[in-house]
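Structures for review follow.
Heads up, the next two complexes both have chain A, just with different partners, chain B and then chain C.
For the complex of A and B:
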């Protein structure tokens, strides 16, 4: 009865509220993520957490829409001047948290800082420079035609150049990017974004307050204060939501999806993700893996749909390639090819009917159910007489082993920073080359210069249809060659209380646009 | 007394030296701290440069000597994750853990002594049997399970409809077994009182106390049965002793015998065990803090391990080692107060 009354009073209040309420940002939102931002310097680390922070306290030039298109933010419009140059017009009258006016000088400052950042410089490598035309116009110049120029522009969150210039009291450069130790930028922040950081205790809580002078007055967002608490333990995070302690949680562990779906006060949103989980088969360590028939046999032996249904509880999209739907390289024709008889046949043809023994390694706390996936894969390989000696490790210990290529089959998950297919190939299937850094995570040592050349060609093709055709051909050839064993794209899930309308602000990149969030 | 303290201080140094050597020796097995510091796509070259900067490429001996040199000046290095001196990070997290331990200890003291004594004096009473039964169950349930059950019952709430709700008694039983929930399930709450230094206390506000309830009960649940059984057993033994019989024969009142003469001697072994258990409780706070996202040193330590934040791990282990030495020293001192015949240094009087 009480609840009913409260709901009734609530709805009355809502009905009585003026329509223009959206401008009044007065709601408080308690958020629990699995971690809090490690620093306030958004150029110190390239990670999901930092990008989430960037979207709360800064604004990018342009940002991704739900359907992987672009929408203008600080850049109002853009046009290609020539093959290597894109001209951007900036929004006028935008203020930083410090009160400074936002101009193209800030973009230049930010661009140069990004090129210095250890984590971001790789993404900005194709860019040769920036030309300032006037206070609100500038051009980004690449050394070669670059089809992913706009993708990269989503990473430019202009910093307040005045705020980050000069020296601190103890004589340190305010703009310095420090990976460890304290820098000015890691503890102070001034952006153009919807929220300012009011209080921060690392690992305990971060408090954000709505920025009074936020430029986007059209935003429907009505959240005035956000309290972010990192809750690493899955169970505790879910309990915090169900007990009403917090309003919004992410990620939601697969085991609790049903529980939240069945809770009448909670709201669950899931989405097929873009992070591919796959196995590499190391050809340098195992002679048999050099034989495409053996690799194909393994590809036929692994039941992606079974893993997605049974181990991931439907919380994954089975994959037969690296590019998820929506990416240019996504090839509709490629389907998971589970067929044990065919796999056994291929092993026989390759002369390995009696099988062989291999080692396998997987992390056990990095991806959703990573160790269980590896166990299932090992069991599936037993059916084609490949005996697997499996070892699972915590991520802190796994990655050094990965760098050493310590096992014959190794599991890895990859998300393309550029939201583009080519990034997958560059890191995961390019011929490994320590000098240029290509194939840095290619633990299969698979090497096909023809495919690499095709990707390189696609990387300078600005006709997006032609480029898509090239990248899809790459996927096809990798599939035919069974260069690696794709498993699935891990789904994403968020949950909130019923009155928090999270669905419109969520996206597959997993940076919720909390500035636009509406709480009823 | 002085000799005793000097002995203990030198022991403390030895303990901390050994811990630091062990911690350093295993750091290779803890993983690569760089994984948490840089994005996946950062090149090997860049990583190598950062490693060089952090001094991770030096040999273990060089690293240890550098660490030991700084440690002697009171500097245990900087945490990679917090970018702050490790001791400062620990000082920030320690009050939360101490308050949790204090909360749990209060529950243990105020419940175990009366229950233990009662169960010893009236071993056949059904209430005693009930307490003993419950404590057997309590001692065998792991702390995180207790915590999860408590959260489900008292934070989220449970609605029971095992009984027909259209009958009066069914409804009453349903209501009886259903719980409202509402107790905070994570963290320490927003209203903390600043006491001194880094100590923010939850003992002085309503929400602060509410946040303490479930974590303290969970932490206490693992120790409480142990203490009830210990006090009961000790007390029963003391009650059989000659001097208690003599006191009875002399006609002293039961209250005076039980609570003045018997209880005092019962407490001796309890204090010893208690001192050791406080140290062990630090280990259990790791589990409790994880489940309740309690921002204390246990949670900090566990996360430091997943991040391979080696300086913080080493510093934490050394601080815990120090806590063990200090509590044991205090226990020995208290022991001397309770029973003056005990000689601290173990020499002949």
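For the complex of A and C:
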């Protein structure tokens, strides 16, 4: 009898095992990033921090795998109907945090909100509409054949349409997107993702709890609670990990990589990145920047290799263009052009031998060593008599300033959302146009319609060799024109305690899929 | 004239002040170190191998070189360089200059305000006393740093960064000076309260001297010794306040480093090999503040006969 009972219990335990896997999500994970999300509205800002939040609290239709393929999430399967149309089938039985059922109406709501969002509308410009077939089937339609349709679908994180519809108590529209404003959506959130926001104090800490009704019961993730603390100081963040105060940190400053690698209780993961760091020179604020010679002079004065070697400790690739190696637009011929004598010569030719004074702004907790890079650039510009008034700010204050174009030179890092060169140009060098959203992050107000037209042409070109040639020509022309000052492609690094198995959930986009994280 | 100065010098040499200084080794060493640092700071432009405020002289390729004696050092940079490639020796010399200027400047301002308000409150008493001392109480209940941070932030926001960079040193003198005057005012007031009951004050009144003359010519000289002592300590305090503000990023801009901002800029590197960026300016700051405090201590012993150790 006893034997029988033991066997029975054993078989029950076995049968229950896969369920138990997800039900036992009891581990607590303490995360320290350099900053916390500036808002809870995932359509308010297109930024790395917000996309990381999206992957924690929402789920995309499909998402990137580690080797840059696609994996189904809320969309179970997809098929091409014709050259302009893609049909998606949605997963059934998915619930939002609010308890509402997820259907294709939510996708439609989200799609329309994305088309309204200042930051996202440019990505969704090629799409002409969405057709709802039934509750779990819909079609995305583009106006022309669009090679990056699936890439873009990774940016559709369906929102809870019922939750975000209607009016708040004081009569505001719940679905409104307000940049840097206090909208309903910036403080409340309901998605389908693995975590809900339990408590949030801006700039202090965010607490996430695992969502009981999470649809993905196959996920190996066993983290039940995440406490995200922003720690801006590099040194303090690393110390917090090494002393055991936190379990997972990002980014890891380049000068501490060795220290973490040598620590037997810590786990370091690095990847060579595709995020370009660059300076814009605002032509509307500074008359001299309209002169290509002045812009070229600045391009010649900046020592990209010095910054990459000394400030980034070799943990970055010096850049002379936006497209990293491997992208279609990457132009082999473009090399960093540091030459102070040439820069001084160009300033003289432009009639600015005595230089001028400009303002410069940079975040101090967004990109690796961003404030130190800006300081070094200021010193380099002093060589050609450009005096720089530098201000560095935490990113929560920096982005509003950036949207106001508050300084003459502003630093920004950009990761191509579609993993394609054209995305760089559309956001960073297109003529700014609030209506279509193109040039939304072009703080230089550089405008060359010819180049824009060439990119548009490349976007509908399906012959990949031709497309690559066009995009490379774009890079060449931007380089000749010194439309912006590229610095480097920033490498990526994360570190955790040994028992936190971060490697499988990390990727080159820097969206850790924390829902699938396993803590031993 | 010559005889007068000689006799004054003789009088000084025979004084108890000089006598106790000669016998106190700590005071002699402290004074020598302080004198050396002040001289080095005053003549920084002549002594320093490079001008750390001139951004055009900085080369990023020289960043984080260690001090001479370690592998990879460059003899052109005896104490190494910081993360931006500035020569540390030059930066420390200039930084000490900034710190000392702010220390002395802030104390002169404090002493001016403190003596004026302390005298008025102590001698006039009544409503003037009540109002001035309540203001001092209110101000003392805020910590110096907090007042300095608020005032600094307001200035920074209203002047813009470049403008603030140019006037930062005067702003810091003003901020720290204004934040700390109650310390001196209270000391002065206490001494004045004790002095004003003495016979010489009554005598002066009987002779018909005016209030102002009695306050500044008769009472003030008799309250000077505690002021000297407290001023010395306040110099050290002001230097520390400036370093703390700069460390928090609210003091001197990074392009004109003082000791505090230099310590801050090296803080990221202290555990990853480049310890000298923080440690060397840190030691300079500690030594500077220590010798000033030791001198202040000695001065207190000399000027207060009740503590005289014989």
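The working rule: the second predicted complex is superposed on the first by the 297 of 520 C-alpha atoms of A that agree within 3 Å, B and C clash if a C-alpha of one lies under 4 Å from a C-alpha of the other, contacts with A are read in each partner's own complex, and residues count from 1 in each chain.
One rule holds for everything that comes next: a residue touches a chain if its C-beta (ideal position, glycine included) is under 8 Å from a C-beta of that chain, and two chains touch if they have at least 3 such contacts.
In this text, all values refer to a predicted model and were calculated from it rather than measured experimentally.
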For this session: Report for A:391: first if it touches chain B alone, second if chain C alone, otherwise both or neither.
Result: second
Exercise. Taking the superposition as given, does A:239 touch the first partner, chain B, the second, chain C, both, or neither?
Worked result: both
For this session: Pick one for A:520: touches chain B only (first), chain C only (second), both, or neither.
Result: neither
For this session: Pick one for A:359: touches chain B only (first), chain C only (second), both, or neither.
Result: second
Exercise. Of chain B and chain C, which one touches more of chain A's residues?
Worked result: B
For this session: Go through the superposed model and pick first if A:311 touches only chain B, second if only chain C, both, or neither.
Result: second
Exercise. Is A:463 in contact with chain B, with chain C, with both, or with neither (first, second, both, neither)?
Worked result: neither
For this session: Examine A:441 and indicate which partner it touches, taking first as chain B and second as chain C; both and neither are also allowed.
Result: first
Exercise. If you stack the two complexes on chain A, which partner ends up touching A:303: first (chain B), second (chain C), both, or neither?
Worked result: second
For this session: Quick one: classify A:199 as touching chain B (first), chain C (second), both or neither.
Result: neither
Problem set entry | Interface residues of chain A shared between complexes with chain B and chain C | 233, 235, 239
Exercise. Which of the residues in chain A come into contact with chain C in the complex?
Worked result: 233-235, 238-239, 253, 255-256, 258-259, 303, 306-307, 309-311, 357, 359, 372, 375-376, 378-383, 388-391
For this session: Could you please specify the touching residues of chain B with respect to chain A in the complex?
Result: 29-32, 35-46, 49-50, 53-54, 78, 80-84, 92, 148, 151-152, 155-157, 181-187, 190, 290-293, 295, 299-300, 303, 305-308
Exercise. For chain C, which residues are in contact with chain A within the complex?
Worked result: 54-56, 58-61, 63-64, 83-85, 160-162, 165, 254-255, 267-274
Exercise. Which positions of chain A touch chain B when the two form their complex?
Worked result: 32, 38-39, 45-47, 118-119, 122-123, 178-182, 186, 201-205, 227, 229-233, 235-236, 239-240, 242-245, 365, 394-400, 403, 414, 417, 427, 434, 437, 440-441
